[in-house]
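Heads up, there are several structures right after this.
Shared between the two complexes below is chain A, which pairs with chain B and chain C, respectively.
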Partner chain A sequence: MSGLTLAKRKVIWAYIFLLIPIIFFAYIRIYPTLSAFQMSLYDYNPLSEEQPFVGLANYEELFDELSNPRSVTTAAFRNSAVYVALGVPLQLLLALGIALMLNEIRIFGTIYRLFFFLPFVTSTIAIAWVFRMLYQPQFGVFNVLLQAFSLPQQPFLKSPQQALPSILAMVIWQGLGFAIIIFLAGLKQIPRTYYDAAQVDGASRWQSFRQITLPLLNPSIIYLLVLQTISFLRMFAPVYAMTDQGSGGPLNSTTTVVLRVYREAFQGLNMGYAASLTVVLFGIIMSITVIQMFVSNRLVKT
Partner chain B sequence: MRRSRFVFVAALLIMALAVGFAVTAQDDVIEIEYWQYNFEARVTAMDMLIEQFEAENPNIRVIHNSDIPYDNFRDELAASAPAGVGPDVVSLFYGWIPAFVDAGYLVPLPEEYFPAEWIESYFSPMVAQSKFEGEYWAIPTAVRTLALFWNKDLFEAAGLDPEQPPTTLDEFVEMAQALTTYDGSGTDILNITSEGYAAQISGQAHHWFREVLLRQYGGVPYDEENRTVLYNSEEGCQAFAYLTAFETDYKTGSNDLFTDATQAFINGQEALHIDGSFRIGTIAANNPDLNYGVAELPVGPNGEHYTFGSYWTHGITRRAAADPARLEAAAKFLQFITTADAGTLWVNNVGELPAQLEAASDPALLEDPILGAFAAGLEYSYATFFVDESAQRQVMMDAFDQVRLAGMDPCDALNEAAIVEQELLDDYWAGRDE
Partner chain C sequence: MATIAQRRKSLFESDSRPTRIRGDWKYKAFSYLVLTLIAFTMVVPFMWMISTSFKPVTEITKSNFFPIDATVDNYGEVLFNTELPRWYLNSIVVAVMTTVSVAFFDSLAGYVFAKYEFPGKRIIFILILSSLMIPTEMLIIPWYIMSVHPIIGSSWVDTYWGIAFPGMITAAGIFLMRQFMQGVPDELLDAGRIDGVSEFGLYWRIAVPLSLPAIGALCIFNFLGNWNAFIWPLIVTSSQKMFTLPVGIQFFSTESGSDWHLIMTGATLSVVPLLLIVIFFQRYIIEGIALTGLKG
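Our next item is the complex of A and B:
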């Protein structure tokens, strides 16, 4: 290396240092992902010595189950779709609204932001257990409040109809802080002068928002859309912690694809089948992300 | 100064190396690993047994891994096996044995240490559930049965005789109703302030249904070979309706209240509770002042006593069997921790009943006001043969929820459960028969 200039040596060292996390990442993330593809072709029982090759049998079983509208697997995919379809738009709308307000206030702004961000840095499991208590049918805070207003008590997590929205509400609230911070950063990027010019031209606040804020916030919206969709599709911990015995109940009303993967792999010891589920989920996440990127890139450019 | 420090450090290093060699030179010492899930009383009892065993067998060292919480125990075993590490002797819930045998994780108990005739004459008949395809795969130190816990203070408060727990299923219903209290605004589940009886289906209630209520109504849960579900019968309907009615009709309690039914009983908010002997320790640790008694389970229409028996049992893994010396050490250790003496030590420290008939028939044990009811149950206990314990429990949980949450008829819910469970059995046996 002695023949190289100082600048070149610096670059080489940068590559070498960056290689270390890449190797680590490849071994910890990419290699297991690829093994999941391989594992999905085997009748893989982790306790066994031999793992017989079964070809696509796991996938056949998976599609068999999906064709039965009452199977747990169907419920898992259906619920995951509901979590995404309701969770992502609600979370983004709320976060945008709050970010717009936070962007306006000057005094105590940091403290306000801190309070909205705190849930995001708190452990999901801890929050899930606290909400489990808040939702408790007799003495939970929510029911005590309902009673105080002479409204009927609600079973929340104990009811097949209310359990999913109850979990979703907690997840939306918890992830709000992250979306708010991204929106705030996006809002700060928009030059003040645009609004001043609009005001001079007599634009209403709504017109300013519609014509200036929203288009210029587009990159933030797309970024969050992709990220939050992936995170709702991968939902596991809140459901595991908030349902009886981590079952995704009552009556499979809250179970998710990832919870199904966990239960099949470690409780049913069907790692091969669980791997085929992860491969299908991987495919879904991949295609949704690609489509979102493609559509939104065009939106950003226009 | 500097030189003397160097000499000192060098001397230390040489000494350390010498000690190291001396230890490794003792190659006649065999190390085996024993794993069980973390439950304080069991860990302490096993530590005592290991100490005694090592004193008798100075050439065997037992490493006791008891750090894994119950909820993760199977996960950790599943993760350790492909990694080539793990236990030589492992504690497993008896209901997991068929799955672990199917995976080839366990080896049969060596005949020379555990002759079948000896097991059958020396142990409670419950251990037969670990006999599988003609061989014994595991053997327990202790066993548990279900019995009826009742809260004497709540009996007094309801005007009932605190020394007279229900003895029949009908009395059980009457008393459960009399013992339930509601807030002023109604008599629905959410108005309950203190429960008479709440069925915890994910806990012991599914066992109470399968092996007790069903038999009391004249049915059987499975055929003799455990290949066919038989609870979807007339008797099954009646038994399941009996169980679900506490929540749907009598409104005496629900597992959704007070965290869960077990916690409600421990806190003095449930009057009648069906649970295993292992709960005694939990009560002692969490609410030592609870004024309760334990009686045999109430009898049903056919007047016969039944109870559900279950146990944590120990097996030898294929990892131990790979090396004859380890296998021998593992067998010796297993033999030591399943003697009648070990059973007695266990009952005194853990509260579980000795699995050995000799220790279980101890008159002092049978007369014990708390343990006596459980010990009496050993004679008439049934253990379910599970091919996938968590999935089979889930089937019952779903059937129960269909009735109480979706308003399904108990018979229909049971029929649906039978179809799902039959598939589980068929899958398992299809794999075994190949």
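Our next item is the complex of A and C:
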């Protein structure tokens, strides 16, 4: 290669270095994505000899089920929507409150951060099982506490009404640390002088928060809104670990879209239908991302 | 590099802000009180888990916080009568495999995107980044079919490669490394070229040493992510011998009931390496998240 110019040699080396990553992304990421779209058009069962092409039949089945309010698929989409609608705002509010307080204190700040951060890095499965034990009737900590205050025992995970909020509480708790760190990073970017100026002008703490902190924290809030919405939409492990045999019960009251995908594809071997579910999930996540780009672009302009 | 260094500085330098004057101590006292309460709720579940792992089986369903007759029997049972040691080994193998691969390929690809000009650069970079928008859940079904009928070798199901392959190179890591490698001075690389250093040598002996903090943060995240990964290992392993820790812990619960003492002991053991990583690398992890928004 010594006869080549330096620029040409660099081009060749760039391709050589990128060879394995390009093959990897083409074969492990892009091809399976297209493959999922394709599978959703087939009655795909890995055990049968033939995989007949069925056109949009899987999607028709999906929307038929969605029009039936009592079907499992409807329950899955409804629950996922509830997880997002309750989980994201609650988690962000809590995290913002904690971050604001952490931002004020100086002594032991690192220790506190370590504590808040611990659940986030721990395996969801381990944590989910610990909470499942805490929620147990009779010997679970929550019921022991209720008993200590002579309050009635609660079924928590065993009740169709209480199971979803119980799981949601654990997920919010576990993800707090991440949101806190993003908020803290955002708070540190706000120049201190703004607050000093506001104080000189006689602004109250609340006014400073409303007029300075909140608007300048906007990028962090939007970022977390999108990221946490997607992560609550994709919820699987907590529900799998905290319900009996990973069923999403009792009575499908906690099941999620991804749990439905897993059960259809790997327990029902109904992979074509499961693929159509993932395509719908992909569509939802894509729209959220596009809306976010649109909103943050507008915010930057104004 | 400059901006990253500045942001890091602003994030971690000890505060030189002027203290506020009026009514401050009340607010501070309130903050400390609330934060302590919340920190308490963060730690109690872990303490409960650890304390349960030291309880004799008969005490599990009692409500005492600390074990009355503390014992290490549960650890003996888990280590000698279950497959947990094997699951532990599997988790380590998979996490190390992916982390080494990610450290090498992500940094190499990031280096190329930061320092080389070649036809198709933009489109390749965009294609790689766009894979970030595709949820893993969409890929698991095709991955499974690919693992059952792979193009190379026999079935990938129940092998380390099968568990690890989806995470061997990551788009987020390539993006992070590109941002960092852009800070490597071109003069240094050109000087190396004049001295006859090979193109790979420039990457290996100049770019990598200068980017070690970023590569380190990437490694920690990747290790954590793979140690805790659940849905794909659950699907691609079928024999108990190949379970990873999260999949295996699940196995202690059967239709006849849950072996709480085994589950809590297994959970405690699976959390220990994470605790060590967090305690030793807390700064890097928090810094990494704050700078990149990367999620473990």
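Methods note: the second predicted complex is superposed on the first by the 268 of 302 C-alpha atoms of A that agree within 3 Å, B and C clash if a C-alpha of one lies under 4 Å from a C-alpha of the other, contacts with A are read in each partner's own complex, and residues count from 1 in each chain.
Methods note: contacts are C-beta pairs under 8 Å (C-beta built on N, C-alpha and C of every residue); 3 or more make two chains touch, one makes a residue touch a chain.
Remember, predicted model here, so these are calculated numbers, not experimental data.
Within the superposed three-chain model, A:F131 lies in touch with chain C and out of touch with chain B [touch as defined at top].
Between chain B and chain C, the partner in contact with more residues of chain A is C. Applying the stated contact rule after C-alpha superposition, one finds that A:S159 touches chain B and leaves chain C untouched. By the document's definition of touching, of the two partners only chain C reaches A:L184; chain B does not. Contact with chain C, but none with chain B, is seen for A:F282 once the two complexes are overlaid on the shared chain. By the touch criterion defined above, A:I28 lies against chain C but remains apart from chain B after alignment on the C-alpha atoms of chain A. Contact with neither chain B nor chain C is seen for A:R78 once the two complexes are overlaid on the shared chain. Contact with both chain B and chain C is seen for A:P46 once the two complexes are overlaid on the shared chain.
Contact with chain C, but none with chain B, is seen for A:V11 once the two complexes are overlaid on the shared chain. Chain A uses residues 46, 138, 245, 265-266, 271 to touch chain B in one structure and chain C in the other.
Residues of chain B that touch chain A in their complex: 74-75, 77-79, 81-82, 99-100, 103-105, 190, 192, 202, 255-259, 318, 388, 390-391, 394, 397-398, 401-402, 405-406. Residues 7, 10-11, 15, 17-18, 20, 27-28, 31-32, 34-35, 38-39, 41-46, 48-49, 52, 60-63, 105, 108-109, 111-112, 116-119, 121, 124, 127-128, 131, 133-146, 148, 165-166, 168-169, 171, 174, 193, 199-200, 203, 224, 227-228, 230-231, 234-235, 245-246, 249-250, 253, 255, 258, 260, 263-264, 266-267, 270-271, 274-275, 277-279, 282, 285-286, 289-291, 293, 295-296 of chain C touch chain A in their complex. The touching residues of chain A, counted against chain C in their complex, run 6-7, 9-11, 13-15, 17-18, 20-22, 24-25, 28-33, 35-36, 39, 46, 98, 101-102, 104-106, 110, 112-127, 129-134, 138-139, 141, 144, 173, 176, 178, 181-182, 184-185, 188-189, 192, 196, 199, 205, 223, 227, 230-231, 234, 236-237, 240-241, 245-246, 258, 261-262, 265-266, 271, 274-275, 278-279, 281-282, 285-286, 289.
Residues of chain A touching chain B in their complex: 45-50, 136-138, 153, 155, 158-160, 244-245, 247, 249-252, 263, 265-269, 271.
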